[in-house]
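What follows is a pair of complexes built around subunit A, which joins subunit B in one and subunit C in the other.
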Partner chain A sequence: MHDNAIKLRVFRKGPGDKGPGRYDEFKVPLEEGMSVLDAVNYAVENLDSTISVRWNCKAAHCGSCAAEVNNYPRLMCKTRIEDLGPVVTVHPMGAFPLVKDLVTDLSGNFEIDGKIKEFRPKEGLGEPWIMHDIDVGRAQEFRKCIECFLCMDVCHVVRDHGTKYVGPRRVIKAAALDMHPMDTIDRSVSLTKDGGLGLCNVTKCCQEVCPEHISITDNAIIPEKERAADKLYDPVLMLVDKLKALGKGEEDGTKKNE
Partner chain B sequence: MEYDSHECDVLVIGAGGAGMRAAIAALDKGCSVIMLSKSVLGKAHTVMAEGGIAASVANVDSGDDWKTHFRDTIVEGCYIGNWRMAEILAKEAPGAVYELERFGALFDRTTEGKIMQRAFGGHTFKRLCHVGDRTGLEIIRTLEDKILHRNAKVFDETVATSLAKDGDRVVGAIGFHMRTGRFAAFSAKSTVIATGGLGRIYKVTSNSWEGTGDGIALAFKAGAELSDMEMMQFHPTGMVWPPAVRGLLVTEGVRGEGGILYNSKNERFMLKYSPEKKELDARDIVARSIYYEIQKGNGTEHGGVYLDIAYKGREFIMKKLPGMYEQFKEFSGVDITKDRMEVAPTTHYFMGGIRADPESCATTVDGLYAAGESASGLHGANRLGGNSLADILIFGRRAGEHASEHAKGIAAHHISRTDVEREAGRIMRYLDGHPDAKSPYLLTDRLREAMQRHMGIIRDGEGIRKGLGIIKGIKSELIGVGVKGIMDFNQGLIECIALEHMTVLAECMMASALEREESRGAHARSDFPKKRQEWKVNIICVNRGGKVSLSHSKVPEPPMELAEIIGEERYA
Partner chain C sequence: MALKRMSKYLPSELLEYNPRLYAFVSLLAVSVIAFFVFPMKEFMGYIDPFYSPTILVLPFIGLYRLTCYAYRKDYNRHIFKHPVACPVAERMDSRSRKYTGERSAIFKVENLHRYFLYLSIILLPFFYYDVFVSLTYSGMLLLRLGSIILLVNAVLLTLYVLSCHSLRSLIGGRNDCYSCMKLGGFRKKVYDRQSWWNAHHEELAWLSLIFIIFVDLYLRGLAAGMPIDFAFMVMH
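This part shows the complex of A and B:
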């Protein structure tokens, strides 16, 4: 196989570098089953050890090696070279601040995470808990998420509005908790009011790139939007709340949600 | 030099299951906590755990109880596991599982709505509580969410490069943040090591990038005793094809759910090696059986054996093993609902590590605690699948609690500027830019090759001695190792540091393997093929001025009522 080689183009930009950055080219010999991550690591280990790249499990279980490969958001470990052309271009995820080369700063994601109300089970539940697969399964779909943040990377709302929209990853996180059979909190209103869920115009780009094939838009975003609409815009409830608010002189007329 | 200075009661190094559980326990005790993670938060190797967590909740097999779990753990660990650790594990595992559920984890269910359990090698009953084949991910996400809602300082992509000491006491760690390249001192009253294993010391491994034994090496350098360093578990089933994914784990859950092993002659060879337990015998036995079949020339085209689950049907596989379906489809183009998998043993789990007290997880150095894969003692000579996920929760919590108790009784010690600058100087030497600096990747390759060849499934004295020679050679070349670039996110620099650790650990592993002149559990020697009574000991490694010093420690005898559960060990 070693008579075959590809041209690997790797984005380079250091912390102090001004300007748009550049692409360095490497000739990488092909091996059967080689992934884009293998190719990048070949370059790091043999040609230029100063390339910064983040990876971990190499098995599509951890979600560390997300990048834009030939302009498409993918996990590098799961993208096979033979499915691409003779030229492979690797660029870091554009939705996050750049650290160096292919590495971006994901810490903002965890700050948002801390703001989504954590699991709060019903009180006085006897143990062991009885739950059924059919109910558990709905939340389990979202708990498959490996936090690669490709859904955030591809999301044009995140790119255009920044932190005004929490983004698809955070919506499925909230949905996983909301759909937990024993949970007692509704997060749809706070997702809408504080998390900008209304900005999402359901183009489904996020679920298209999800390496875990989670139906992000269909099964999480749309149901959360619907639930929030019920709470916020149900005309009867709105009237009741308005009257209540008038009575109390409050500006915010919605039901108290956490 | 500018650097960051942090202080806390309890410093946790490592952010897998054990580290996170330790951090939560310390927060619960009212301590200030700093947790360091070499990877991005939530990417630790725990996410790779697939099959489940062992706990005798007896939802599927009503006959199960803690005594049976205890016996399985000691017997399959070939009697050199610590009885008290095994007792704690067996008794506390059900509570740990229910606690996880209270934290928000969602396990698969039985038809009555209880937590589902599956069969696994060496476990008498169906005991592994699971979430399809991604149980570890569920545990990590559940604990991660707890941490994010608590008042812990988490520094991810932060590497601890040495432990700081004040006299004989560990008082925190010094390291640097990968994203900024900035050095930092983490002064702490107690320090918990929870950095996981060292599978990447081998060429073929199921382990992640980070599995280079950092914490074990740091503890060793700080004077802590290590034990059972010869005990490396080879998981029977890793992928073999294509070469790029060689070693990737194929969960034992496949065999737990009925998967059958065949050689290239279509013989179900486990009937010959283990007529009773067959595919579900302990990992050391199944791994060696596969190895022998391949050696005999009964291997497949790519040097493995076949594992068949297709006969169970598509619907069953998609429900029970969706991750495996995906893994084979994506990486090797095999549809496991139709075709057989090709598998061979892969380096998987380290039973050895830092010697820790069963009750408190205290190491032999004051102020230093260890839990999870980086600690040793529980699994003896062979770990049962599913016991490690119980281990990290139970002993992670204990380490966190006892580290907190320790912290309450003492005054803080501030790591000095001199210590930080000395350590920073030592690390930055790797970036000196000598034109003839040796590549850490080349030396690491040589080290991995030596481990693979001389410290594999079957070893012998002559081979191990050769291996030791190679390691000593590498050790002498370490001084000339270096890489180009800056401190910021420099993978090459991390590789230099990992190489340092792996060289120390490889020497301990080889010295211990050479010492143990018998075959027991994962340690099999062709020149000493029998298990021998006089070797019912744990081999201890300690650092004596840069040299590995070995001693034997008799395995503690359990009290009468527990000894009766286990029964006498048999020698052929």
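This part shows the complex of A and C:
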């Protein structure tokens, strides 16, 4: 149990600082319902105003306050102090370049966006587009993403191995577009060949840390891997799809373009 | 030298010092040898599920489980330690180790999971047939504890196989426009129902594995003369 205060350890490193950085310790009085972000803000307001921390909504909607709390990627605003031990360590997301203290540079994540082929609707669609619930329901789950990038931070492929893997957030984006009923492109093959999808070994850490509880691996990464397997590794299905395309009979609901 | 040559073709995960991998492979080897040296195909109308319909299909069933997404998570974490856990401090030497993911030749086999799935689906009826045989082997309808255990085993294997991620993709995951196709509403319902089971695929994978080993040990116990079976009902 906590007493009336906790020990808050905050990572400190400035833009010009050399070395691995340091942890500053603060004694923060505990209040009922206090979150880690509240504790950091207490330290900023009362103990050391030079700590840099990024936050905005305090309601787990903006994703700004993503950090590693006791070595586990979490939103600081959504993590209650009473769920942690008497010592709380806050570290910036280690997968991204550090700006200062708890603030990291996330711009690289948006540059990866360019690697995902854009939405290309079917030709000759009358307006307004009419879409049905049974077709759009699956992709709606991915719209819950708040781009906190905790999934990218926890992904060992992105974080530890410096590969060309686009990361879970971008696979979600590709899956959302691939599953769109009006879209005409299949991104799974390019995701495998250029986006390094094969580097993901489905260990589901991204799914575990997602504050929006999106089933990233089960509903986006594995379906994309299966779609790629349809096109790259399954000769039977490749033949069936070829025959269907030749026959031009009933539309089978799968996409054909690359 | 030979190891250097091999490293060109084998992923680094298989070549580095890894006691967990050695323990797993040793246990697997001992089990497989035990199946052949001490076969227990049938006892009192009970057919051991490892020998149903023949032990020769065991390698393919093994490959189905080895390429299964549920076990991939487990062995990548706990045997290959890529990563050993999600908390970042637990990883220790991750950065210094080579990593190829599922792109090296040997791990590409995982993309053929669906073929092992097809074979597994074909084999499922045999387990129900074994239950039927256990009920009727004596010439009358005989309900015993062992038959119920065989039935639970068959149901668990069915749920595990039919909740597969590859099956999920094949029956509907690869379709983007259900309203464009014949019986779209029905197909979406089947997909949604299968997706519900798919969310429990990991639990079913482990439960069915533990239970099939339990059934094997139970039948061996019976054959050794242990008094662990009794009849509920006899119908002439």
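In the analysis below, the second predicted complex is superposed on the first by the 230 of 258 C-alpha atoms of A that agree within 3 Å, B and C clash if a C-alpha of one lies under 4 Å from a C-alpha of the other, contacts with A are read in each partner's own complex, and residues count from 1 in each chain.
Rule of thumb we're sticking to: a contact is a pair of C-beta atoms (placed from the backbone, for glycine too) under 8 Å apart; a residue touches a chain by one contact, two chains touch by 3 or more.
All figures in this text were calculated on a predicted structure; none of them were measured in a lab.
Touch criterion met: A:L199 reaches subunit C, while subunit B stays clear of it. Using the contact criterion defined above for the overlaid structures, shared-chain residue A:E123 touches neither subunit B nor subunit C, since it reaches no partner.
Legend: residue contacts after superposition of the two complexes on their common chain; A:T50 is shown touching subunit B, with no touch to subunit C.
Of the two partner chains placed around the shared chain by superposition, subunit C is the only one that A:A229 touches, whereas subunit B remains out of contact. By the document's definition of touching, neither partner reaches A:D83: not subunit B, not subunit C. Once the two complexes are laid over each other on the shared chain, residue contacts for A:L106 go to subunit B alone; subunit C is not touched.
Of the two partner chains, subunit C is the only one that A:H156 touches; subunit B does not reach it. In the superposed model, A:Y72 lies in contact with subunit C only, and not with subunit B.
Legend: residue contacts after superposition of the two complexes on their common chain; A:I146 is shown touching subunit B, with no touch to subunit C. The residues of subunit A shared by its contacts with subunit B and with subunit C are 132, 180, 183. In the complex of the two chains, the subunit C residues touching subunit A come out as 69, 72-73, 76-77, 80, 82-83, 86-91, 94-95, 99-103, 108, 111-114, 165-166, 168-170, 173-182, 184-185, 188, 198-199. The touching residues of subunit A, counted against subunit B in their complex, run 14-15, 31-35, 38, 44-46, 49-64, 78, 99-101, 103, 105-107, 110, 113-114, 118-119, 121, 127-133, 136, 139-140, 143-147, 177, 180, 183. By the touch rule above, subunit A contacts subunit C in their complex via residues 68, 70-73, 94, 132, 134-135, 154, 156-157, 159-161, 163, 165, 178-181, 183, 196, 198-205, 208-209, 215, 218, 222-223, 225-230, 232-234, 250-255. Residues of subunit B touching subunit A in their complex: 39-43, 45, 47-48, 57, 59, 98, 101-104, 106-109, 112-115, 131-132, 134, 137-138, 141, 145-146, 148-149, 154, 156, 179, 208-210, 241-245, 248-249, 323, 326-327, 330-332, 439, 441, 483-486, 488-492, 495.
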